[in-house]
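Each structure below is given as structure tokens.
Each of the two complexes below includes chain A, the first together with chain B, the second together with chain C.
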Partner chain A sequence: MGLKGRGTIPAPFSKMRNRIGRFFYRHPGVEGFLFALPYMALWAVFLAWPVVYGIYISLFDWDPLRGSKFVGLANYLELFREPRFWNAVVNTFKFAGMTIPLILGLGFVFALMVWGWGRKRRGIVVVQASLFFPYLLNVSIVAIVWKWLLERDVGLFQHYLNSIFPSAPVFLTEPAWALPAIAVATAWWLAGYRMLVFQAGLEEIPVELFESAEIDGARPYHKLVHLILPLIKPSLLFALVLTTISAFRTFGQVLIMTEGGPGWASEVLALYLYRVGFDYFDIGKAAASGVVLLFLILVITLLGVRILGLKSELQ
Partner chain B sequence: MKWIKRYGPYLVLYGVAFLWIIPILWMADTAFKPTRDIFSIPPKWIPSHFTTEHVERLFAEWPFARWLLNSLIVASFVTLGSLVVSVPAAFSFSRLHWKGRDAVFMFLLVFMLLPWQVNIIPLFFMMTKFKFLNTYQGVALPMIAMPIGVFLLRQFFINIPRDLEDAARIDGCSSLGVLLRVILPLSKPVLAAFSVYIFNYAWNEFFWSMICLRKPQMVTLPVGLKILQGAFEIDYGLILAGAFMASLPSLMVFLLLRRQIIRGFTLAGSGVKG
Partner chain C sequence: MRKSFLWALVIGLILGVWATAEPIKLTFNTLFHEADAKAMEKIIEMFNEEYKGKIEVELIQGRWAQYYAELRLSVLAGTPPQIGICHTNKLVEMADYLTPLNASPVGDLIEMAGIDPAKYVDAAWAAGEIEGRHYLIPLDTHGWGLWYNKDIFAEVGLDPKKPPRTLAEFIDACERIKAAGYYAFHPAEDALPRKLRRAWYVFFWQMGGQLFDEDYIHATFNNPKGLLALQFLVDIFNDFGWNEPGSNGYNQFAAGKLGMLVAGNWFYGTAAKSGVNWGYAPMPNFFGTPYTWGNSHQLVIPLQPKGTPREVYLAAMEVIKFISEHSYIWTMYGGHITAYKPAAENTELLASEYWIRSGKWLNEMAQKGLVHYPINHPKGSELEHAIQAQIELAVNGVISPQEALAKAEEECNKILQGG
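For the complex of A and B:
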């Protein structure tokens, strides 16, 4: 039917095909939109709409069984008056302040090590694989293993620490130490992935640059500060933004390792949201804290993108 | 001096790598030693005898095999679903022209940076309405809607030379033809990287899975482990046997496909830069 070499297509279909083809040829915009449509529909229903719906719920005294009552901003006001909420906000920032430098720092040092020493050495793959592997474990495994390592008296780390330093605290039961311990576990889990990303950045630096720097008599320290850091700055900054976002939504490690305890000492915002919503069934307030958390992350991200000049990175 | 220069780096590298995997070794050690040894002070590195009692109990008393299956179904569903919707969308955002395309894409970008798990309260009520709680599609759909895949693929598609597409179009290819015959064959490494990334993400997702899946029969591995841990706070033999068995699939796949997986994550993590 006018389509030589395509004899396998039955006549009616080929006719339809032609008609559709002609339509799209005349309206290329429609076609482009149609390609994006399946994804956009999913996105609208399961990502964009929940944000709107969450804001809506946060304005109600939400009770799907007995009927909800519109309360305006009362949920937010209640939230802001509650010390436990502010405690969770402060803990979230503290946790971010501890994990982000740990993850990025360890990741960077590992990348330097594996890249700098690994080039002419066999067996480097084993090292790289060992450092990366924890990233492939799920959060429950990581939290369970670290809780066990830090168990009073019988935990491996806790035991040796206490035998070397008898005054060392039992981390997970000490209000001041629970959050740092979770931060260390988190760094163990995630640093390997940053290592990979930084390593890719390092490998992109042309070898000639190092050679000419060496001819000019540069010490290793100079190479790091004047050559490596400026050149992989983009990937460092991008990793900073991603790590920050992931730090702010931390949930599983805290739930399993301490359940937010002792007391509320390690309760972070995502855990607070979960407790309020699914343990105390104060849905409106939980939705409000979700909106606050979302807003916090949005502001931090946009600030980060603005201050660090990442806009070009994202496009 | 010469000796240190030659072997010092090896010593540091292997030393750090060994320290780094101690938690994993200790997990395996605990999972296979008798309860008496688990709680011995000081910690006993070499068990008095090797035992599989914890693992046997895990499979006898808990639907652990079912959890494994659930994880596999959810992760495959998410990976396939993502590929099916993200590839044409990324193609459209990178190579087709329509009104408002770039504005829409910028909007998506903002959402990429927002963690969707923060929306669990509204999502929970939506899924209740759809009767999607405790179903595979309920956990999977929000993950399929993540923009990261579209973003990653678009980055790659954009850099494919225009000439290739033009040549195909002159030969009579439709847009679908360009996608299937030109773009996709050139994108195999990126598609592999994307699949590795998404599969791992779905396999390990915890927060939303815990909210959406409430029947012990339906939960995925991370949530199952949480149930296990919550049920027996101090039965460390059983809990660590669970953790070990749950990490075994990742370990085996990693040992088999190490190179591909590392390349995949490198691409997914730094490919965002283009």
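For the complex of A and C:
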């Protein structure tokens, strides 16, 4: 009785509800907009506005205490003249070139393993959790652990490696090895989450397709290339965008593991930006390098989407 | 009439009680961590106890890496701490963000607080002034010295009570230790790039080298002295076989595998806990004058927002004065040598194990003017990064010392000349 009583809406409210209903019916976009509004407000304040403000201050010799001076594109020109900046750009591309395939490849292999074996084995949840676990760690912890592992005197990995190969490189102190070592640590950290993304994509593929492929005599390789890869394209796109962004923004692990060294051998753009901004306090120039980084990520991501032919998925 | 007077009296009394009961709250943001953070905690706890109900200090510590960036940003955001720390050589970079204590918006705070400059180590006090404006109250001097393993010394036939003082003695000690199968010497703590740079500074300064000309227009280290200093550093890790590139001296020493280590006074806690039978000595005289690398922590009032009450400034100065007067605790537990002369004569400090085993030697170096401060320039951080990148490459054998100095010189000149 109580429920029935609560369900009755007084006449004036009922009229209002009908009117609102009619309004949303006539303007179908408004309802969606209102649902998105709280997020959009936060996004505008904490993401869009800082980006716009960053672009704005990149045009200034920024010094709020003594007064900022408009310098146009001078910060960009100074940046482009600086060999250290270009070194950081090259290092960023090198790092992305190593880390993106490594993370996606590992994530995909893990996903295939869990998905393929998961149906047959009971303890697969433990394996899955173990593979995902590193992703739960903070970047500082990941970097410190790997730094210890690769330490010359007390590093576990370095110790066993040297006992097999006495003249093996000391990874974090040799220019040629510093970035690859950080890339491996990063892949260990991030591959678990990509595994989940790929696994979700794999679960979506109807079993019937595999059955009919088997009837047609398809081998595992054929199933992988002609069935699995085309059908997990949306997951691949998501993982690619995510990994590209994180690879180009890489900062914490480089700062902790090598401080950008030896020399500038592992100084990536985000670390360069941080130093210019917060060590040298040249905020205008740091903002300019931030804009360049943003532009790079945008171009590379869109390029990836285009190359993979995923326009339809995006739409 | 009478009734309203009584009401006013009651309200006045309540407000008065409320006003007197509410202490002035101050924030003290430091970059200390580990032993020195604990020492500062002790001092601030004592202060809060003594000034209960009047001044209350909230201590925030431990964020070393971003400290100066945070301090600047907090000033810009209008929410600075009322007390902070500044290294002496950072003053030129930070001056705009600090309150000139003798010309603050409420007057000469040094005079108002009754702080007597004569009670501080002269050089440390003098370092706090730019163009007649005094920004810093000295807290300490800290720096590098020589830590050595007495058991290894005895094992290789060296006198554990006589650590090497000259280059010849030093080379002899290193060769004996190396022959016994130990790492002989590490000149730079954990060999981070900035530590390698400091080690090179020490050798270079000992030869009488100057990093830059007086006007900071040109780098002046790419010369035979600079080269000899760098070659010596490179050889320690390579040709001499006294250690290996990329090795961590802290770990080697604490594991009992290293004969001699150059490290700061902050290594005391680790050394004491390591179980190693260690000794401490002033920096050996390698090349002429036995300079060591060092610096000085100083107390500051960051630039406060307009309209900050006079009471807040005075309370901050009260805290600073208290810290100075109790800085023997700072030395005893934090390891840094107090810059406040009366505190350095504290009997408890002079009888403490820290002072007897290592502090007195660092103090001796400071008193003799052998603690050499680093680059003091608005672009100091940028210059130091430019130098250390090349030093590290040379130590790791990637480029020659000549190349390293030439590149570092070129980069420094570009930075100095705005190229």
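Basically, the second predicted complex is superposed on the first by the 261 of 315 C-alpha atoms of A that agree within 3 Å, B and C clash if a C-alpha of one lies under 4 Å from a C-alpha of the other, contacts with A are read in each partner's own complex, and residues count from 1 in each chain.
Throughout what follows, a residue touches a chain if its C-beta (ideal position, glycine included) is under 8 Å from a C-beta of that chain, and two chains touch if they have at least 3 such contacts.
What you see is a predicted model, and the numbers here were worked out from it, not measured in a lab.
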{"item": "Partner chain in contact with A:Gly263 - chain B first, chain C second, else both or neither", "value": "second"}
{"item": "Touching partner for A:Leu237 - first (chain B), second (chain C), both, neither", "value": "neither"}
{"item": "Broader residue contact with chain A after superposition on the shared chain, chain B or chain C", "value": "B"}
{"item": "Partner chain in contact with A:Ala74 - chain B first, chain C second, else both or neither", "value": "neither"}
{"item": "Which of chain B and chain C A:Ile205 touches, first, second, both or neither", "value": "neither"}
{"item": "Partner chain(s) touched by A:Phe281 [first = chain B, second = chain C, both, neither]", "value": "second"}
{"item": "Chain B versus chain C as contact partner of A:Pro64, first or second or both or neither", "value": "both"}
{"item": "Chain B versus chain C as contact partner of A:Val154, first or second or both or neither", "value": "both"}
{"item": "First (chain B), second (chain C), both or neither touched by A:Val184", "value": "neither"}
{"item": "Partner chain in contact with A:Leu227 - chain B first, chain C second, else both or neither", "value": "neither"}
{"item": "Common ground on chain A, meaning residues reached by chain C in one complex and by chain B in the other", "value": "64, 151, 153-154, 277-278"}
{"item": "Residues of chain A that touch chain C when the two form their complex", "value": "64-66, 151-154, 170, 172-175, 259, 261-264, 275, 277-281"}
{"item": "Complex interface listing, chain C residues touching chain A", "value": "66, 68-69, 72, 75-76, 93, 96-97, 192-193, 244-248, 251-252, 255, 257, 303, 379, 381-382, 385, 389-390, 392-393, 396, 398"}
{"item": "Chain A residues within the chain B interface of the complex", "value": "21, 24, 28-33, 35-36, 38-40, 42-43, 45-51, 53-54, 56-57, 64, 110, 113-114, 117-118, 121, 123-141, 144-146, 148-149, 151, 153-154, 156, 159-160, 163, 188, 193, 196-197, 199-201, 234-235, 238, 241, 245-246, 248-249, 251-252, 255-256, 270, 273-274, 277-278, 283, 286-287, 290, 293-294, 297-298, 301, 313-314"}
{"item": "Residue ranges of chain B in contact with chain A within the complex", "value": "9-10, 12-14, 16-18, 20-24, 26-27, 30, 38-43, 84-86, 88-89, 91-93, 96-99, 101, 104, 108-111, 113-126, 128, 141-142, 144-147, 150, 174-175, 179, 200, 203-204, 206-207, 211, 221-223, 225-226, 229, 236, 239-240, 242-243, 246-247, 250-251, 254, 258, 261-262, 265-266, 269-270, 272-273"}
